[in-house]
Structures are given as structure tokens and as C-alpha cells.
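Structure record follows, encoded as C-alpha cells.
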Amino acid sequence: MSKFTTTRRGLIKSGVVGGAGLAMPTIFTSSAFGYTNEPTGSTVTLGFNVPQTGPYAEEGLDELRAQELAVEHLNGMGDGGMLNTFSSKALKGNGILGKKVQFVTGDTQTKSDAARASAKSMIEKDGAVMINGGSSSGVAVAVQGLCQEAGVIFMAGLTHSNDTTGKDKKRNGFRHFFNGYMSAAALAPVLKNAYGSDRRAYHLTADYTWGWTQQESIAAATEAMGWETVNNVLTPLASTDFSSYIAPVLNSGADVLVLNHYGGNMVNSLTNAIQFGLRDKIVNGKQFEIVVPLYSELMAAGAGKNVEGVIGSMNWNWQLQDDGTQAFVKSFGEKYGRPPSNSAHTCYVQTLLYADACERAGTFNPCGVVDALEGFEFDGMGNGPVLYRAEDHQCFKDVLVMKGKENPTNEYDTLEIVEVTPRAQVEYAPDHPMFAGGELGACNPGA
Amino acid sequence: MFGLNKKDSILMIAVAALALLAPFILNIFPNDSALAFFNAGYPDLMQRFVIFGIFAIGFNLLFGLTGYLSFGHAAFLGVGSYAAVWMFKLLNYNVVPAIVLSIVVAAAFSLVIGYISLRRSGIYFSILTLAFAQMMFVTAYSDLLGRWLGITLTNGETGLQVYNDDPQILLGNGPNVPHLFGLEMRAKEVWDIGPWEFTLPVGYYLCAVLMLASFYLAIRIFRSPFGLMLRAIKSNQTRLNYTGLNSKPYTLAVFVISGMYAGLAGGLLACMDPLAGAERMQWTASGEVVIMTILGGAGTLIGPILGSGAIKYLENVFSKLNEGLLHDWFGFMPDGLEGALVWVVSKFTGEGWHLTLGGLFMLVIIFLPGGLVEGGNKIRSWIQNRTGRGSPPADTASTPAE
Amino acid sequence: MDAIILQLLNGLDKGSAYALIALGLTLIFGTLGVVNFAHGALFMIGAFCAVTLQRILSFSYVVEDPTQKDFLGRPLKVQTPYIESWFGPDFGSAIIDWSVPLAILFSIPIMIAIGFIMERGLIKHFYKRPHADQILVTFGLAIVLQEIVRTYYGANPIQTPAPQAFVGSFDFGSLLGFDPNVVIYPYWRMVYFGFSALIIGAVFAFLRFTTFGMVVRAGMADRETVGLLGLNIDKRFTLMFGLAAAVAGLAGVMYAPINAPNYHMGMDFLVLSFVVVVVGGMGSLPGAVLAGFMLGILESFASMNEVKDYFDGIDQIIIYLVAIVVLLTRPRGLMGRKGVMED
Amino acid sequence: MSILEVQNVNKSFGGLKALQNVNLKVEEGTIHAIIGPNGAGKSTLLNCLVGKLTPDTGSVTFDGVSLLGKKPYEINQTGVSRVFQTPEIFGDLTVYENVLIPCFGKRDGSFEMNALMSVNSQKDIRAKAEQMLEDVNMADKREMRASSLSRGDKRRLEMAMCLAQDPKLLLLDEPTAGMARADTNNTIALLAEIQERRHITMAVIEHDMHVVFSLAQRISVLAQGTVIVEDLPENIKGHPKVKEAYLGGAH
């Protein structure tokens, strides 16, 4: 059972303190400190902001487990996990910069407003120097903007929209997760091999920013290899029954259905598509196929047998065979009795990377951390060699193409790795049109 | 005082004192004590207390006085936020034009929606307001209106925010964060007094002053002939009609006033944090203000403020109570007992805070139909009975007539 | 043409879910005068009855299989349902396969019991309270119920497939003279539609042809008068609540294979089902059914590409748009009575 | 001169003819009673007068103005006030507030957004409201919640609210229904006093013959939707048609 001390607000110095314990007002200044929430005691507080209620609660829970594990490893407890395989050896298991790591948690409810409120409370009340986690792009962009203003570091968690490191990128924010463009770049060759280059694709797209950017990316990549996009239909987020969107696919002449859905939407639209017998259809003399560009273990488990043979992509998977992955899966599995999900991996790695950057920079000052993370290259955290690109704070690494397993042996064994797409293949120029607009701006130490 | 009778003046002064001293009252536990977790005196939450207080006060003017239950009031808060952020995008970060426009836009929306919805009463009115609000929510969430017009109007689920390449024609060298003629909203004054630490944020005090103004206005409306007519509408529309009065202008007027309160609240939310998210227009957000008002005590002056405080406190403090903290607190107990206790309590805190909310809410509705205000009155009369002083006020001694 | 027929079928299918939920809501409102915001939660509990039965039937013992490895490299723990070892693998797995239809029987007593407990324990005390209080206390109850379900089953959707016999689609088109495989519809969705029609018919027949039903109908029309006749209307109304809970529960059980149940599915249906009830007219059973099917069909047609091309996003707002138009042109919904819930 | 004229009014609900060619003239300054057995159409007639129902054919003229198609509040604005069978008062408000409302309401019903004025700031309105309570002997109950009043007090409060409007015509729907004898007599005295002091025209629908013959200066008898007799009270007593309507209708 893990134990850690009650979270206390880092003591903030405030100008001159009067003799009788009465404060002399420092009129409306905020420049008395070096940077926001500078830790002055023997501890440093990290904020883990994940969905604990709402449809993504399970994913949030898994992220929380991973972050708790990361804190343990940072403080020198447990088996050290990926600290042993990480190429940078700055971390010594004595916390960060000698300060014991504590954490506070918040509930994003997968709503931009609530996520910002809980992040603010962790920054303002608990003195968190960094916010980590989240399970949707809307939330990630909203919280990233907040952290930029407040002067703390934001590590994004699960966010797959191109905008997070595109038009909404911020200097104080980093993303370890991959994005729609990278999914498309990794999937296209595999799809071409599996299904040929003469295909007619029908897109169903969740009607919000993430859906739009992913659809745009997938359509561009598949069209480049010869596929035709028959139609793109936007579906309301609140939909629970997709039958009226699936039925028109039957006679549309399309022979591939691309589901740009995530979470509950994905589970339901895939289930409905299977109900309508799409995967048993022969169209244009070809077997009808379904593609789910963004997979997650939890959603695959939710969709059950319906994912069999369906191709998609992932940021990371516990079945990878490199040392880092194995170390992480072992320590996570032993503690929680289940393999970690890819969002759990992202949050775990981001916590370690943040700590490592602080060590290397020698400070918790966000500007120092930004400098240390920009252009940082490392290995030993799964997915081979990884780069945190300086221009847009997007992380580049190998991308996994996955397929629903035909005969899963247990509930964690729903997907199998089809291909590990090398990093070079998913890279793009920082000024790629899909990522245009927006700028990182200057780093903000806050206070 | 200021046209208020003695009782109302006392109430007004009490609320003003609470609002001004909130940074101290809410940080009552010393910083290093374990109870510091329950402190709520940090800028964001204090601002939410008063902003949602404004929202609930306005909602109570409509619901508490006329009995018309709007299930779409969050939509006006939402348009207020969008209006304010658009002001930041187009002019500059000064909060004055933002707040003014947010009130004006909310008034315009509530005028149109109220005019149509008030043609029906009872649950039909509720469903009409709900339908309008949900339409506005999905329109904002997928930015349908922007799509029809070919521009970015609400920026979808990400929320509308200010970008560096926005026009901001009056920005000049002004601050790059919301400010009141140069006074930054996020600026704050921190006082260390012994083991305590108190934060006095500028943004909070702006909100608090506006909340007090809203509260004062609400008292005046409650005590005015206009307010009397509104209460008459709730009590007996038939008699009002046979007194030669058409209730529609009255209900529409108060609907618009209450929409403006919501717009002000939305504008202030954007001023404290310049991002307007679509979720704040969803039906659950509308339901939240209903819950706040009834939890505090609908139709009472102070009720909505208490209700909004209670809900926001629960949402922001209970949801952060994770198992690690619980283990820490109960660590002094024997292991088995500690585990059991943590298991039970953790179902109600952290990710289980919704359960606490739902349960608490049921208890209040079942046992205190008049909300927290009734609870307060009961305690007061209980104390008076025990000490043998005073008697219950005459007007509560009502007996069913038929 | 084929597209229109397909969407009509979709509309009937969606409409039957809406109609069933709205029917239960209206039964409760019509008889007890209570606005029950926990009705969506009852629907959700119904779906979880199917999940629960599936779990119970596949209750397993664990054998370690050293030839296979789990994700940590330990011997894989293979789970075998007891039921398969008792009845043999074939028959045993067939029983598990049929867990959803079996759950119909399983859920009826559970739902009726939940209905009784709710009515006697909570709703009873709210007959004389304002509608706003009823809405709020049942809303609180809905939150509590769904959070309890979440504690046990998690937030993830849980697949609850239909029996293998119902997998696949029926070729409607060939009946109507279309080419084969043009107008097809999944078997289970057709079962759902037929089942709903059966339940709706049964409820109407029950109210029409039994003395119990007649008393209840009289009570819906004028509660006080029936009370004066010396009939114990309260006991009958409690039973009615149980019945309405069972209707909601059955709607949920049968819905489970269509979309994997999750703990918040009740809330997803809540707002919609109220719109349906109000559009149909508060307190009118035929109105609720009519409005359910009407909105289901309109929603399906609005999501056709041809319509969406013309009016982007219409599928998101159609329900609310229809509700507004209906309420403004017909003040009490399609078939509502005067004076019900108007103050 | 007749202030209210009802000519050839017909009203039917589905197949049921509730009113058939009803004619009625109420003279200014008199108390006119409308009596008749149950189901004769008295309430339907009243509802047609106040705008709750619209006659199918015929005309209703008040003070030279047609009332047809007007909403209840518009009819009230022309000077017609109504007292209900079950008193319609503002149960949640105090007695004093109840009378304040008609005092604040303008005769033309115009909407006033006096949201920042205190209820007690206008002396003349306050004085008028207090006077009204005095008039119906309820000044001592002024701070009571209206819903907690006795039936008789509710009736008197309702009367005060109607009188506060200075109506030209007061319509009373069974003003003594369900009252004890003493209350009934008080009400009769009150009505008589009002009539004497203010010369308000009244149309009373009543069951209780004691009330009718104590107050009415003219009586119309309604049976099966038509006015069978209209005459002075002394001529109504023992009139064969009336006897038939009351007794014959019972068979």
C-alpha cells in the first residue's frame, strides 16, 4: 500500500513579513517569486488531471495508476521500472532535485471547463509545478492554454488531434502521444498491403475537432496511395445508436468503412457496423473492410469480438518486446494485476521525462524544463529512439499498427501488433499545412 | 439603508462582509495542518463561488419568484462567455467591454427565447427552454453556426480562446491577460500571517463586487411591486388574469433580467479565465443551477448563494480527495480497520464524488424541502426553543385551509 | 428508395426504444402524477440485468495452464465457466449464448422489486410535493443508481451479444422486389422492434381489458373520484410503478445487444425520453408511443446524407426543433390533456 | 339603462347544447340574480361573459363595447370583476399583499416595470389597500398568509380585491357556496352594504334562495340552456315555469 504525506501547498514567500506576523502588502505584484509554485520545502508537487467521472473514467483510472507508479519510482520505491532502461541517467531515485515527489489529483470530467477548474485548483491551491494527463484533445488544448498562462509545464496525456501541437501548440506544453497525421502515415502502407490500392472509403467522423483533424489526415494519406473517399459523414457526439449512419454505407458503393470515432462512440459504431453485416459483404468484388484509425485497449475490450480483424493504430502497446516496455509492464502488472494501456504508458513516461528534464536543467523553472525537453532525444522508454521536437513540442517515435485478435485468450489480449512503423515514416515538417497556424510563443515561468 | 428595510440591510451587510472576508474565512485551516485540504480560499474556487452565486441569484429571480422552471439557463451563461471572449479577440483584454457585451448578448438571446417559450407554462415551458438550450449547445459544440457562415465562431469542443493573430485592435501595449484598465485579473496579494496564508486575488474582488451589486438588485426586485406581481404569478395566475393583468410582460421581463444575470456570470467566467467551452451550455449545466437554487432554498434571498457555494465546494474539493490522502489520514488506525474505512470513504470521494452529490441532494430534498435556508431556520428555532426565548414568526404559523 | 426504406426501419427501431421508455414514464406520470427522472436509470439497470446474468452464467473456476503464458510470463490462468463443466461445453456455452433472452425472465422480478422499493420507499412521500421537487429527488436517485452501477461494473461499455442465432441480417428487399442484399436489416433489431410492439400491445390490452386496468385508467382520468369509490387505488398504483419499472427494464435488457451497456446510458436517454413524453402530451399513453416512433423516424431521416447535405447538422438538432414546433402549434403536445402539468 | 346585454348567445360542447338563444339584460346599479337547477348552463353563461369561453353565436355587450373574442384580462380592464365559487386569491402572499396587487395594477392593465421601487413607497396606494381591508373588516388579519384564512375570510378578501379595482360590474359565482349560515348572512350584509354605498352593478349566480331573495332586484331563471323567465323576485316565487324547471327536471 503506497503511503505519502499529505499534500501541502508549497510555501510561497510574499515580500516582507512584519514583525508581529502581519504581512506588509506588496501591492498587486506578482514578480516577487522566480516562477509559479517554486518548491521551497523538501517536496515537489505534481498535478495529475485525469477524467475520473464520465465515459472515459476507466482510462483516467489507468492513467492515474501509471502516474502513481511513476511517483513511486521517482522516489526510489518499487523496482524502478523504466528508470533502469531510460537512456538518460540523471534521475537517481531520490525524487527530483533531491525533493520528494508528491502528487495531487483532479477530475477533468472530460469537459474543458471542469478540466481547467481542476488544473487551476491544483496550481493555485496545491502548488503543483506540472500538470499531467487527460483523455481528450479538447481538454488537452484547454488545459495547455491554462498552463501556458499560469506558468507551469503541461504534459498532455491522451490527445490525438493535430491541433494540440498544431494551431494550439504552446511553449509550456509537450505531447508524448502521437497524432492523427502520424496515425494516417503509419496506417496507409499497411492498408495498401492488406486491402490493395483500389479502394473506396466511406468515413464516419465524430463531429468535433479531433474527429475532423483525424479524418482530414486519414483521407489525405489514403487518397495519396490511390484510395477514393466516397463520403465523409459527420456524426453527433451524443449519438448512441449509429444505425442511421451505418445503413447508407450498405449501398454507397464503398468497400471500406473508416470510423473516426473514439471511446463509446467507437464501441457503438463498430458494434452497429458489425450488426449490419458490413464485414461479411462483398463489394466491387472485394471483401468489405472496417478501419478504426485510433485504437485503445479499453475501447477494444468494450467492443469485444467486434474488433476481430479490424486494423487501427496505437501509440504504444504492452506487447512490444523492448527492454523499456518489459520493465514497465512488469512493474505495472505486478502492482495492479493487469497490463498498462497506452495512455497509462504515456502518462508514466511523461512523468519520468519531466523529472529527468528538471534534473538536467537543475531547476523546476518551466523555462529551464522547456529548454531541457526541446530537441531531447532518448531511448529505453518503448518505441525505440524518441525525439521531442523543438519546433512544435510533438514527440516522434515509432507508431504501432494494430489488428483485432481473432481468438483472444483473455480480456487484455484483444489486439495484436501488425507492424511497427519506423519513426522516419511518420515525420512531417513543422510547417505542414495540417498543423498550420498558431505559434509556440515564449515560455512563461508565471508569477 | 439604500432603500432597504432593516432586515434586508442586515442581510446585505452580512453577505458583503462574507464576500469581502472570504479569502480569510475559506482559508481558516493553517497551511501546514492536515485540514488544509478543506481550505477553499484559492482564487479559482472563490471566483467560482461568487460567479455561480450571480448565476443562481438570477435564476432564482425567475424560478423562485414566478415558479417558471427554466431548464436551459446555462445557454445564456454560455453566450455570455462567448461574447466576452469575442471582445477579447476583437478589441483587447479589458474586461469592461467584455462584460457589457456579454450582458447585452445574453439579454438579446433571452428576449427571443423567452418570448417564444413563455407562450407555454409548466413542464411545456421547461421543455421549450431545454430544447432551445440543447440546440445552442450542439450548435456551439460542433460549431454548426460557424460552419454555415464559413467562419470559426465557437471553435467547437476545444473552446473559444484568444490567439496571437487575432485582431485585438485596441491592444497596443496593454496586458496580454484580462485586466480592468491595467489591473490584471490574475494578480493577487498573498499574506502570510503566522501559520496561515491568505490569498487576495484581484479577479475575485471584481466578481465579488459585481455579485454584491447583483444581490442588492435582487433584494430590490424582491421587495418591489414588480416582484410582488411576479410572486402573484407563481401563486395564482387565474386571479391575476381576472385582475386585468397580463402576466406575459412580467414573466418576459424577469426572464430577460435573469438571462442578463446569467450573461454576466458567463462574461465573468471568461474574464477570470479567457476560454469559453461549449459544455457550460449543456443541459447538465442548466440542471446544476436548478440544483444550486433548490439546494440553497428557492424563493429565498440568500439560498442561491449558499447552494452554489455548496455545490462548487463539493465539486472542487471532494473530487480531489484520493485514496492516497485517505490512507494518510486514517493511517493511525489498525491496518484492517484503516483499509475498510478507506474503502468505504473512497466510494464517496475522489471519483465517487458524484455519489456524494446525488445522495446529499436527495437528503436535502427529502428532509429540507426549503433547502439549506430551511435547515438554518430549523436550527435557529430549535436553539430558541431550547433557550426558551422567542417564538416562531407569525407568518410561518400557517395551517392548511381546506 | 432503398435508402428511405432502410431509414424507415431504423426509425421504427429507434422509435421503439423511445416509445418503450416514454410509455413507462407516462404510466408513472399518469397514474401517480410523479415526474420520474430516474426512469432512464431503470432502463440502464435493465440492461445491466442482462450483463449480470451473463456474468453469473459464465461464473468460472480457474485452472493454470503452464503451456501458455500471461503478460508477465507467468502461467496463463484459464477460466472455464462452471456451467460448461456441468452441462458439457456445447450445451453450457449455448446457455451463456442465450443469456440476453434468458435475462428477460431474470429481470422482470428484479425490476418489479426495484419499482416497489422505489415507490414505497421514496416516491410515495412525494405525491403531494411540487413537480420540481419530484424531478430533483428522482434526478438525485438517478445519479446515485448510476454511480452504484459504476462502482461494480466500471465506466467501460460491456459487450452483451445476442445469441448466435440472431447474428446476421434479414433480406427485406427481396420481399419488396429489390435486388438481393440491398435492403437488409439485422435480425436482433427486428426482434427488438417486435418485442417492443408486443410490450406496448400488452400494456394497452392490460389497461383496456382487465378490471385492474380499468380502475387504473379511471384513476388516471380522475384520481380523487376513484378514491371516493372506496377502491384502494394506492396499492394498484404501487403495482403500476412496478409495471412501469419492468417495462423500462425490459427495454434495457433487449437493448443490451444493440449497443454495449454502460453506466451512463440512462442519462443519455433521459432528456430525449422527456422530450418524447412532452411532445406526445403529458399523461397520454398513445401520445407517448406515437411521439416515440415519430421522433425516431424523423431523427433517422434527418441523418440521411441527402438531408445533411442540404442542412448541415440537422441530425443534431432535429429532435429539439420538432419539439419546439409541436409545442408551439399544439400547446399540450400531440395528444395531451388540458391542465396537466401546466402550472 | 342596461349595462350588460347578452343577445341570442349559443354555446355547445360537441353535441351538447349548453346555451340556446340566451338573452339577458342587467340594469346599471342593480343586483341581478341568475338561478336555475344544476346543469342549466349558469356557469357556462358566466364563463362566456368573462372571456373564458367564447359563444358560438350571439353577442355580449358591456357598456356599449362587445366583449366577444376578448381575453379575460382585457374584459376585466373594461370594468368587469369576477368573484369565484372557490375563492381565487394569492394563497402564498399575505392578506395585505393580496389587496396591494389590484391597487398597483392599472385600470388599463398596462405593464409597469417598477422593479426598483419599494412596495410601501407610494402612500396613496398603501392607503387604498388598507382602506379596502377596513371595508371588509379584515384589517386585523393583514399579515396572515392568505391560504390560512377561513373560507368566509377568503371570500371577503377576494371581494376586497375586486372592489379595489372599482369595477362597474361585479360577477359573483355562488358567493355563499359551502358557507355556514352565519357566514352566509355576513356575506349578504356585506354585499348589500357594498351595493348601497358604491352602487356597483352585480350579477349573482346562486343556488341559495335565501341569498337570492334577500339581495336580488331582478331574477333570470335558466333551465336547459335557455332563460325561461326573467322578472322581479316577487313574481318568480311560485311561477309555474320555475316550479316545473326545478321539480319537473328532477324526474
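Read from first to last, the chains carry the letters A, B, C and D; within each, the first residue is number 1.
Quick note on the criterion: contacts are C-beta pairs under 8 Å (C-beta built on N, C-alpha and C of every residue); 3 or more make two chains touch, one makes a residue touch a chain.
Computed from a predicted structure; not experimentally measured.
Any chain that touches subunit C and also touches subunit D is listed here: B.
Comparing the centres of all chains, each the average of its CA atoms, the largest separation from subunit B belongs to D. By C-beta contact pairs, the most connected chain pair is A-B.
With centres set at the average Cα position, the gap from subunit A to subunit D is 74 Å.
Separating the centre of subunit A from that of subunit B, both taken as means of CA atoms, is a distance of 33 Å. Subunit A and subunit C have Cα centroids lying 35 Å from one another. Rounded to whole angstrom units, the spacing between the C-alpha centres of subunit B and subunit D is 46. Multi-chain contact residues of subunit B, defined as those touching 2 or more other chains: 138, 142, 354. Each of residues 313, 316 in subunit C touches at least two other chains. Every pair of chains meeting the contact definition is listed here: A-B, A-C, B-C, B-D. The residues of subunit A lying in touch with subunit C in their complex are 54-58, 207, 231, 233-236, 238, 240-241, 243-245, 247-248, 250-251, 264, 267-268, 271-272, 275-277, 280-281, 298-299, 301-306, 318-319, 329-330, 333-334, 339, 409-410, 412-413.
On the subunit B side of its complex with subunit D, the touching residues are 3, 220-221, 223-229, 231-232, 234-236, 238-246, 249-250, 253, 257, 394-395, 397-402.
Listed in rising order, the residues of subunit A touching subunit B in the complex are 1-9, 11-12, 14, 17, 21-23, 25-30, 52-53, 57, 60-61, 64, 68, 103-107, 111-114, 116-118, 120-122, 124-125, 136-138, 141-142, 145-146, 149, 163, 167-168, 207-209, 234, 236-238, 437-439, 441.
Remark: subunit B residues 67, 69, 116, 119-124, 127-128, 130-132, 134-135, 138-139, 142, 144, 147-148, 237, 283, 287, 290-291, 294, 298, 347, 352, 354-355, 357-359, 361-362, 365-366, 369 touch subunit C in the complex.
Taken in their complex, subunit B has these residues touching subunit A: 31-32, 34, 36-37, 39, 42-45, 48, 138, 141-142, 155-159, 161, 163-165, 177, 183-184, 186-194, 197, 199, 202, 273, 275, 277-280, 315-316, 319-320, 322, 324-325, 327-329, 331, 339, 350-351, 353-354.
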